[in-house]
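The two complexes that follow have subunit A in common; it is paired with subunit B in the first and with subunit C in the second.
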Partner chain A sequence: MSTATIQRASRTPPRQHIRSRAGQEHPWTFAVPALVVLGLFLVLPTLLNFVLPYTDWSAFKSNLRFVGLANFGSITSDGSLQQALRITLTYAVLVAVFQNGLGLGLALLLERDTWLNRLARSVFFLPVLISALAGGYIAQAMLKPDGGLNQILSALSGQPVEIAWLGSSTWTVVVVALVHGWKWMGLAMLIYLAGLKSVPHELIEAGRIDGASGIQIFRRIKFPLLAPAITFNVATALIGTLNGFDIVQATTGGGPARSTEILNIFIFRTFGSGLYAQASAMSLVLFLAVVIIAVPLIIYLRSREKVLA
Partner chain B sequence: MTRRQAQLAPVLQPIAVILLMTTLIALPLWLVIITSAKTVGEALNPNLTLPTSWRFAENYTQAAVRGEMVPAFVGSVAVVVPAVLGVLILGAMAAWTFARRAGALSSVLYGIAISGVLIPPAAVTVVLVLRQMGLAGTQVGMIGVYMGMYLSLVIFFITGFVRTVPIELEEAARVDGASPGRVFFQIILPLLAPVMATSAILVTLFAWNDVFYAFFVLGGGDSTTMPLNLFKVASAALYTNAWNLIFAYVVVTSIPLVVLFSIAQRQIVSGITSGAVK
Partner chain C sequence: MKAKWIMPAAVAIAAATALTGCSVAGPPSPASSPTNAAWPDAKGKLDGVTVTVWTAQSTASVPNKVIAAFQAATGAVVKNVTVPDQYETNVQTSLATGDHPDIMFWQTTGSGLKIIQAKDRLLPLDGAPWLEKLDAPSQELGVLDGVHYAAPIKAPSVIGVYYNKANFAKAGITEMPVGYDGLMAAAKKLEAAGVKAPAYEASADRWPNQWCVQVMLADLAKSGLWDRMNTNKDKFTNPEVVDAIAKCQALYSSPTGNPNIKTATFPEQAKALLSGEAGMVIQVNALVDQMAASADLKTLNERIGFFPISPTGSIGTVIAEQTNTVVAFKSKDAKQESAARQFLRFWLEDYYPTFIQEQGYVSLQPAVASPDNVPEIGKVNYPAAVKETVGSMQNEAIVNPDLYLYLVDMYFGSKSPEQVAEATQANFVQLAQALGAEGF
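Moving on to the complex of A and B:
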């Protein structure tokens, strides 16, 4: 610290000195541009989302009028809200399971640094790079009754297979969740690989010497130490799917019989037909769903990390 | 691992890897590429069979013309590049302030600034805000919305990184009379290169592939993006089952990021993973 600062410090009370020094050296002006952008494009729309669902805002009206709970009434009375919420949650849980299962499976398979494994890691990362919309169209073509998957199954089984993979109002949501898991498994794989690399080699050696099997080493040593990677992957999977749209839109468009219509598909469809206030009401439900589900879950997963560490 | 398993593993592992690569990636990729070369008639039911005649040139030209690929590419670049540069520079400046300032105001503002990591952007009401500002349907509006969506992630990443940079580096410069602007741009910013690269990659990946928010913001306007045009082309082509055109468009849309990834693979992998497991 310079003599000038020390001299200044002796003249002013210490608390005030620290505050004014921080003010001069890290002025708020540096944070203002980011805060303005966030305020206009993130915070303000979020706040408005608490107001507009109570209006009759639509493509057909020029003046806004407050209508109370009418919009919530219309999305709950026909069961749209309950159904969209239920489907979104089912989808989110399924994707979290598939994305992490596939990602962890690939990471364990490709843990060693051979040339084939390095190639495979890049190959499995390809779906992450393409747009989710493109991934969804590819899946739709593969899963059609006369599409690629049934063609392979027919060749393998020796008889014609014509399963409508995207045609069941019960099981299609599972198939679409698998497609979502396939799209993002490469990212989960990379993060699990990094987690596995961070496991100290001595621990695994010690386990081997004590006669632990491969499965025991995974369950007792590697898996607990993967906690931070699991937190990241579960959190991104949940946020990505609660807020998902592209993959479902491109594979099924919400069908069959609206059985895969997640919240954002409903919002997209309602907005497209000009019913802005109703779309906004559903958007508020999405906001609340994320806050109620994702935030406590992430806090829980983080606390688990600390216990294990 | 038993001895028998240990002997089998070196043989079975490569077989499993090759089988998985084939079924999960190579076959879908094969379907896309050969279908994009088929005639309309053969592409009606996309499958893994080879086309009888290859029509790469015709299909890609038609997809480019009908899907207005060039304006869409220019439109994508025109919103993604400024949005990425914007979140990086504004995010880094804000992150520096948040990381270095103690106190309640700083923590509250930091909390609000990173809330967007979890909270989904309100796609519907953002349209209202843009209309009031006269930015609905414009590229400037789209850039603003992307910046609002991804600033949180960038501030979150960079603030964590700045906290690991010793403050003594700044103080040395300050003794020599450097202003906050000089300290930030000449001392701090160059040190942030790794975390800026990670942030740039992730935001590019998300923004380049976004179609949901582009639909709300650009839907009624003159400008467009590649995913938005893919959506329009595909929605029209699905009525006629013109899968050859859909997949020609899919291939072209995917090329920029695949090329970017193959050039900067090592950087991308270490960038993505370093932020996640810590």
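Moving on to the complex of A and C:
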């Protein structure tokens, strides 16, 4: 047989034919409503966020005028923006550590499928389901000087305990990060559980046969194979917290003395003063900060998956 | 393909809809609203008309009985829409999208009126029949460039000192302190008499921090400080202003301040004054409402007194607040504007005596007697009752900087009075530039 015949015989059905069959069953028309909503509520505000910082948009005027880079100058001149960025980064790193530490710990603890473990997993997942503001207000009520936590400590120690958990300008950011970590650790726990379940059982058995202890099995077998779960959890924790607002707003409102004023709260406050263009400029800075942090981080974490998988 | 044109069409529709939203929503082109428009009779029939009233969480229930009576008298439908906190921010957002009510509660200081573009958005209330029935200070509320925009329903606050009578007696203070020196002397006497917190500041709630500084600027305000600030001739960083801040820092430091200043909240402040833990509190009228929530009229009258204070005397510093006044909006529909005017007439004329009786507010109209359930302090802590008054920063400055926030930093030890002044001045300039004020 000639090569031409072989080629003709081995040719797969024309791709056009398959595409039209699929096109008839799932026409693009079904996606139009979703695309319109996406365009209006996601694409448009993001595009405007690149335009409005260069205007003088404020509550005081109803016209817009281009002012170039003046807004960026005014928001960086007194150091408030840099301080807010620093606090946001500190907060995000703390939350990533707490959320993942607690989530991983819970996942390892509740790995086996006993009925008690299943119940405990549901209980620890409950904070994820409540509203972030509600969680924050509950935390605030527990942590104020005459709140629940101090009452418990007073009862346990026999002495009146009046620690101002939310009143320290140095340590409150750690406390609020803990609250945020508590709220979302259930989700991290779920992802880690899924990751742990995907570790091949033969590897663990082989490790046990070779005499490895629990800690060694964790360090050498489970942890490296959890790389995809870690990528997801650390990236979402970090990026999600950089954009955080609810929990801090509900617990401290940015206080005390603006020591927990993360960028979104600073933006909210600036917007409330009527300085809309400056608030947009800060939003743009936050957007860029997230991109600058997220892209290298995800590249690094994904590279870990490729090496170890 | 049948559906090939759908994608580009969808994108085009989305883009077109998006571009129509690009223009900033400005105020509506008004129906005819001449300054001396006819004020319709309050009880005229308004069947089929809907009036929308915006209230804050703190004023949500205030107009309810007025609304019920107005609906019964005129047949209009009045909707009370509560805008969630933070009221000022959310109202501005709604106004920016083009939404507006017919009536709303608003802090009608100069800066407050400017930030909602009063000249373009609000109905001028000059010539209203109830305007001349108000006492003199109330007639000057909510005036911007010579035009009235505010309908006063509750007395503005005179910022002053609320004191615990028993503690004053214990410390042997028989005459009301005059000036800063008198205040400090009284604080020291209270401290010597064993009062735990001679002067109590609720720093944790942030907004209370500014009142002390405001009263300590009263003498400067009398000499025209705010006019000079508004044209950038005087700044917050001037030594006299920094001195006012430093005076407050000294008052609230140990031993004359409260040891828990960093975490003290407004409810705790009210509780401390009532219980005798505190000797004096510099606050606005809201303190009276807070105390009244847990003490009856008799207790309030027995325990708490009030006097105004200023650096060298007893000048009262006045601040108009959101709870004090309502404003009316221009509308494309002349019927809506007429209904709004009618509603205001009903509230301030026909229903006014009942209203202040129900709310326990002091009367702002000399011809109408104040109800019996106004506490003694409520009869002396508003502008018409104080001999000499001067406007606060909120009342007089063109924009309202975040002085109170920077003061929290000072009480936490991370800013000095000079740094507080610097930060406030920077914020003030930023806001004034956004306003387009001359000289900035």
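Everything below uses one rule, namely that the second predicted complex is superposed on the first by the 269 of 309 C-alpha atoms of A that agree within 3 Å, B and C clash if a C-alpha of one lies under 4 Å from a C-alpha of the other, contacts with A are read in each partner's own complex, and residues count from 1 in each chain.
What we mean here is this: contacts are C-beta pairs under 8 Å (C-beta built on N, C-alpha and C of every residue); 3 or more make two chains touch, one makes a residue touch a chain.
As the structure is a computational prediction, the values presented were derived from the model and not from experiment.
In the superposition on chain A, A:154 makes contact with neither subunit B nor subunit C.
Once the two complexes are laid over each other on the shared chain, residue contacts for A:271 go to subunit B and to subunit C alike.
Which of subunit B and subunit C touches more residues of subunit A: that partner is B. In the superposition on chain A, A:169 makes contact with subunit C only, not with subunit B. By the document's definition of touching, of the two partners only subunit C reaches A:74; subunit B does not. Of the two partner chains placed by superposition, only subunit C is touched by A:255; subunit B is not. In the superposed model, A:90 lies in contact with neither subunit B nor subunit C. Once the two complexes are laid over each other on the shared chain, residue contacts for A:57 go to subunit B and to subunit C alike.
Where the contact sets of subunit A with subunit B and with subunit C meet, they give residues 27-28, 35, 40, 43-44, 48, 57, 144, 268, 271, 276.
Residues of subunit B that touch subunit A in their complex: 1-2, 5, 13-14, 16-18, 20-21, 23-29, 31-32, 35, 45-49, 86, 90-91, 93-94, 96-98, 100-103, 109, 112-113, 115-116, 118-129, 133, 144-145, 147-149, 151-152, 155, 170-171, 174-175, 180, 183-184, 205, 208-209, 211-212, 215-216, 226-227, 230-231, 234, 243, 246-247, 250, 253-254, 257-258, 261-262, 265, 269, 272-274, 276-278. Residue ranges of subunit C in contact with subunit A, taken from their complex: 1-3, 6-7, 10-11, 13-15, 17-18, 21-22, 24-27, 86, 88-89, 92, 96, 114-117, 120, 204, 206, 260, 262-263, 400, 402, 405, 408-409, 411-412, 414, 423, 426-427, 430-431, 433-436.
Residues of subunit A touching subunit C in their complex: 20, 23, 27-29, 32, 35-36, 39-40, 43-44, 48, 56-64, 74, 77-78, 144-145, 164, 167, 169, 255-258, 268-269, 271-278.
Looking at the complex, you find that subunit A touches subunit B at residues 1-2, 19, 22, 24-28, 30-31, 33-35, 37-38, 40-46, 48-49, 52, 57, 106, 109-110, 112, 114, 116-117, 120-134, 137-139, 141-142, 144, 146-148, 151-152, 182, 187, 190-191, 193-195, 198, 213-214, 228-229, 232, 239, 242-243, 245-246, 249-250, 264, 267-268, 271, 276, 279-280, 283-284, 286-287, 290-291, 294-295, 298.
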